[in-house]
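You will see two complexes here that share subunit A, one where it goes with subunit B and one where it goes with subunit C.
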Partner chain A sequence: MAEIATGPMSRRVGSIRRLLERYPFLPALGIVAALFLLNGFFSPASLSYRALTGLLSTYMALILLSIAQTYVVYAGDIDLSVGSILSLVNVTIIVLMERWGGGAGAVLLSLALGLLLGLACGLVNGLVVAALRLQAIVATFATSIFFTGLALYILPVAGTPAPTLFWRTYGGRLFGLPFVFYILAVLLVLLFMLARTRLAAQLLAVGDDRQAAYQTGLPVVSVRIRGYLLCGLFAALAAFCITGDTASGDPLVGGKMTLYSVAAVVLGGSALAGGWGTVVGSLLGALTIGLINSLVFFMGTPSEWQNFMQGLAILLVLMAGVLAGRRARP
Partner chain B sequence: MNQVISFIRQPVVVALVLIVALLYLGQLLSPGFASGGQILRLLIVAALLGIVAAGQNVVILGGREGIDLSVGGIVSLSAIIAGNVMNGADSGILPAIAACLAAGAFFGLLNGLGVTLLRIPPLVMTLGMLGVLQGLLVVIRMGIPSGQAAPALSRFVTQPLVFGLPGIIWLWIAVGLLMAFMLHRTVFGHRIYAIGSNEHAAYMAGVPVRPMRIALFVISGMFAALAGLCLLGYSGSSFANVGEQYTLTSIIAVVFGGTSLAGGKGGYTGTMAGAVLLVILQGILTTVNIDESGRQMVFGATLLLLMTFYGRGRAMRV
Partner chain C sequence: MSKLKLSGVSKAYGATLALRRGDLEVMAGEVHVLMGSNGSGKSTLCKIIAGSVRPDAGRILIDDTPATITGPRSARAQGIGIFYQELSLAAHRSVEENICLAALPVRAGLFVDRVSLKERAARYIALFDGVSGEGFAADALVGNLRPDQRQLVEIMKALASEAPLLIFDEPTSALDRAQVERFFEILGNLKRRGRGIIFISHRMDEIKAIGDRVTIIRDGETITTLNLDETDAATVIRLMVGGAGDMPASQSSVPAAVDIAAESALTVRNLSGAGFRDVSFEVGRGEILGFGGLHGQGQSALLRAIFGAGAITSGEIRIGSERFDASSPRDAIRRGLAYVSGDRSRDGVISGRPIIENVSPIHYLRDRLMIASPSRLRDRVLPALQSMHTKFASLFDPISALSGGNQQKVIIARWLIDRPDVLLLDDPTKGIDLSAKADLFTLIRQLAAEGLGILLYSSEDAELLGNANRILVFNGGSVSRELTGAERTRYNLYQAAYEAA
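On to the complex of A and B.
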């Protein structure tokens, strides 16, 4: 009821709030735009077509992983195993593709099995968190140890290369456009469609008030499990991208990415408590992390200070993201 | 009968029963596992984890999604600071203790300020702080050598001191007594439970909620720093990210001790048992002859299994 208040000042605040309510990812978009400008200022070449393609193909995996994380955060849960699901799918498809000869059929079949594996991991998480009612943070940490063990069993040491066909396609061009652009386009369409599904609304309802959702008649347990399934699916897609980018298998490749995915979700303005957020925000959040990393590099930071500057910058934008997100919440 | 059941269902009792069972299992799998010397070694490792978990415990008890993901970073940082300040000389121990505790308190204070003044969720604030700390570790490691533990510190952690127990075990017992006293016999302790179970009611009753919450994070940082110092004594010299593993294991120790992640319920005695339980489990897995991959799978699956013994969430009811 902000409209009741009079005066030009309050009306302006009200309209900003309305804009934020409608597009909660706007602050994240502003941060991304500012980071692009800063990158361009320190290194004009970083805004070139080529550099942007490189940025996208490097961070596409984190983008997808952050989106995966978003769907469980919608429902007020969290998944600390996304990074290990990514590692597991990465080594599995690498080993399968190599065993089956690396042809087009082998690649497609391996990817299909990779998706199933991601779904299976999501199902395990959903069952222990929603059905067994264990606490999400510790339970998914435990499953992450299990998944990592499985990944180590499938490929004990990093290094098996991906078939040329696979990484050439990922890093190459199709009809004159870089392949990652098609991935991004398909992803955006997919996200748009998913946002209109009943499941997205149900996840947000469960995250907003679990008890109320239950009393309204929502199958809370099954909704939360489906959130984890979606998470596992996107984690598998993220694994495909990291496989295309690194062109090899590594059982520990995703270890560091889990916490980044949580950070990206928060950067995107979603509430960790659930019930409020957007996947586009998480996409922008993942880009923010990528842009901060390259900005710190382009600013000519001494190499030993780079990690510190990245950590500090991410902490600061995390704070900004939380503060802006809170303002936007209805 | 009901009393017996509620006694058996107490987390501390569950943990103790599991500890005995695991020791028995370990002895079966590898004779000598439950020998005195071996148990002592496990207790030293458990003490390191238990000290970190003490800080984690108070933050979690304080509620409002309280959690400290930065403890692993503080443990590593403290080990490096201690190594450099003492640099192998006994005379440097006191300055090292002071420097470590100051550093732990400083980062805990930053966490607390972010959580209270800016109202950043603890998970986000301490996660961001972990990134900063990891960056800081790189800076320090590249700038100066990692440093050596003073002989007296190593003796304190690894050699028997009184009644055949190393100093660190006594230190852990002291931490346990201090925590028990603080949580159950002081106003401060009662206020932790108060803000943990109902922050608003506590505020209305006159509890200074914000200063309390800041204090909890400072305590957590200082316990993590203390553990980092002892860890240096245990390993002799500090190396990269030596404390990383403590972040999530400290949370698991707290959960195994029966403290609810929702806050306001639990205590430190259980957490001590939880830390021992976790370390024994890891100990068994290192003694049995299986690959790293199998070890991790069994560890993850066992953690899940054990979690089902503890406070599972309530089923939805209309």
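On to the complex of A and C.
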């Protein structure tokens, strides 16, 4: 009797589990939806087209930075220098664009150099962590100080403005649609393609069990370095967005964002130990953080209590995500 | 034609010589069996061939030409595929991805070609159609599979390398009858197609069924190579044991009878849990009860479960006359149990901390010590260390400054400040040198003489024969034989361990 009763029940639990296995970011998606509703409840205006565009353009940098972090977390590594890479690229392109006059050519050339700089920072991290086998968490903490030092050398104080062309484009519209929507669309296509690359599969295999991956014959060191390269690349892209959003250079702008990016990765359902996760989850995780911040604001929390509430809300969301995601992992 | 020839290959890990002199020649179209007891060097030899361990010396010829294998990638490139005993699978990846992981098919140089990946994996999955069991599917995550199914995935992965030389290091330990038969059919086919196959198994019947020749390794040295149809099981076992397997010299020198009737230290009744089932025994005060058998037959799992570090599903444990259910090691320690593992780095050493801190944690716990003054602590720590002739310069040196043997002495010393009632030894001499071993066993026998009940699991038969009053031989998670008195010989130990499970 009891067995008959448990049959379909366990099959249903099994199918939820399969769904979560396939789409580990589903809990994060649910949380984002719930936060949207809460935001709308406290302030209907926060769901307006305008407000959503603003949310996206403010948090696009964090989204990209969280995606950057995800690729190294895939392989069981971590990068505590993403924020510093972002700052370094931010001040570098600001200074270059200003020096070269702020025309379209200057902007594009600066951006290209910014991407190269991001890749170079990723390469440094990769060599230090994978080739020299230093502890990722400490080694990238050290390189973060190093990158910050470079950023402070390039632009000692915050303030140099970005060329009008640059921030007008970022905050403006193209064919009637806000520019950030195009960024989001291109980003989604890019993530879709990256998820299908051999590198993504290899990163996850390395993160799953490094020794097993080595014994399988995977080029573990080179895979990890390529993870850091990808991370540096996305950190540079994040720097472009923060530059577009703040329209100025600030050598310390990214410092606080590093741990937010780690939090977003975890909120998105990825395992910090590696081998398990999705970039879409991290995107949603970054949005979660953005929505929590705006929710705390819209709830009318007194300013001195806002940090307290943000921390509390992130903890709650983390718990909810863990409870939902626990079933999925084998 | 010779596929692979090794001569004089050796490998040492620190002071431990894992492989002294490995010689092996594998022909095309043969299944070549490697046999040897625990820690004789078989797996090391295989890992050297597969490139995941670098040899210190020796020559390797592949297809009669000298070869250097720099790593697993280089081994694959030179036509070597391997099944790892401890498996090399990614738990969060699907079966098909794992099978093809070493060489993912790629489209446009960048993207994984899912279609050809599925096709390729399906070929190897189809080989085990009908025996792979419920829930086995190409897109199932490996971590969700049963142990036998995971082992099948590792087999498929090795087969997918399509390497001319395949190594299978205990590929059948978790498989059922039907799976083994299917696997042997596949091996037979490969053999006919001229592949060279190295096969390790501890089951005599399997070896007879599939093997052509056997190479016997003892204490890290290749003893001989024989044709399997010209020899019998007894000869093979005798060669593994060493010429004088049942001569008096290899018999146990320890008195068999200890007055158990006096008082029992620990009683275990019908205990089952993860990795062992239905185990019953009694160890008396002053007795050393040995656990023998091949590696991983449930001995460690049982000891850890008694210590509260592993799950128990049924049965009961008594200490003295009192019922005991350790919910955690902390609880077990409070009730007078001590556990020493051979895996020092995982279960013993507090790395990077001074020696004194490595000796005192149990004392903190048992004495509910809150504040310790170094000088008072020193008075308690020093005698414990000295009773084992531990060599160290200062109590405040980091433990990593010591050799493996001395580190293990420090670990044992931590249990000696407050005497436990029962000592659980889980292969305690793994990777330590001979003089340290001698010191350790002198102490262990002395502790027994003082009235402790001691459970000793050792992967080295000589240690069991030299110290245990009785020996329980484990096979497949339960006790297959108890050796007492004059039965305690090397030959009997081997025979009990190698009987088909």
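Keep this in mind: the second predicted complex is superposed on the first by the 323 of 330 C-alpha atoms of A that agree within 3 Å, B and C clash if a C-alpha of one lies under 4 Å from a C-alpha of the other, contacts with A are read in each partner's own complex, and residues count from 1 in each chain.
Going forward, a residue touches a chain if its C-beta (ideal position, glycine included) is under 8 Å from a C-beta of that chain, and two chains touch if they have at least 3 such contacts.
Small disclaimer: the values here were computed from a predicted structure and weren't measured.
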Query = So if we stack both complexes on subunit A, do subunit B and subunit C clash, or do they fit?
reply = clash
Ask   = Once the shared chain is lined up, is A:209 touching subunit B (first), subunit C (second), both, or neither of them?
value = second
Task = Return the chain, subunit B or subunit C, that is in touch with more residues of subunit A.
result = B
Query = Which holds for A:95: it touches subunit B only (first), subunit C only (second), both, or neither?
reply = neither
Query = Of the two partner chains, subunit B (first) and subunit C (second), which one does A:51 touch, if any: first, second, both, or neither?
reply = neither
Ask   = With the two structures laid over each other on chain A, which partner does A:275 touch: subunit B (first), subunit C (second), both, or neither?
value = second
Message = Per the contact definition in the header, classify A:198: touching subunit B only (first), subunit C only (second), both, or neither.
response = second
Task = Would you check which partner chain A:34 touches, where first means subunit B only, second means subunit C only, and both and neither mean what they say?
result = neither
Ask   = Of the two partner chains, subunit B (first) and subunit C (second), which one does A:137 touch, if any: first, second, both, or neither?
value = first
Query = Just subunit B (first), just subunit C (second), both, or neither: which does A:127 touch?
reply = neither
Inquiry  = To test your reading of the overlay: subunit B has the stretches 149-157, 203-211, 221-229 or 239-247, and exactly one clashes with subunit C. Name it.
reply    = 203-211
Key: Set of subunit A residues, in rising order, touched by both subunit B and subunit C   = 211, 214-215
Inquiry  = Looking at the complex, which residues from subunit B come into contact with subunit A?
reply    = 65, 67, 69, 114, 118-121, 123-125, 127-136, 138-139, 142-143, 248, 251-252, 255, 261, 291-301, 303-304, 307-308, 312-316, 318
Note = Per the touch rule, the subunit A residues reaching subunit B in their complex are 78, 80, 128, 132-135, 137-139, 141-153, 156, 210-211, 214-215, 220-221, 259, 262-263, 266, 272-273, 303-312, 314-315, 318-319, 322-323, 326
Subunit A contact footprint on subunit C (complex, rising order) = 50, 52, 71-73, 75-76, 82, 84, 87-93, 97, 101-104, 106, 110-112, 114, 141-144, 157
For the subunit A and subunit C complex, residues of the former touching the latter = 21, 193, 196-199, 201-202, 204-205, 208-209, 211-219, 275-276, 329-330
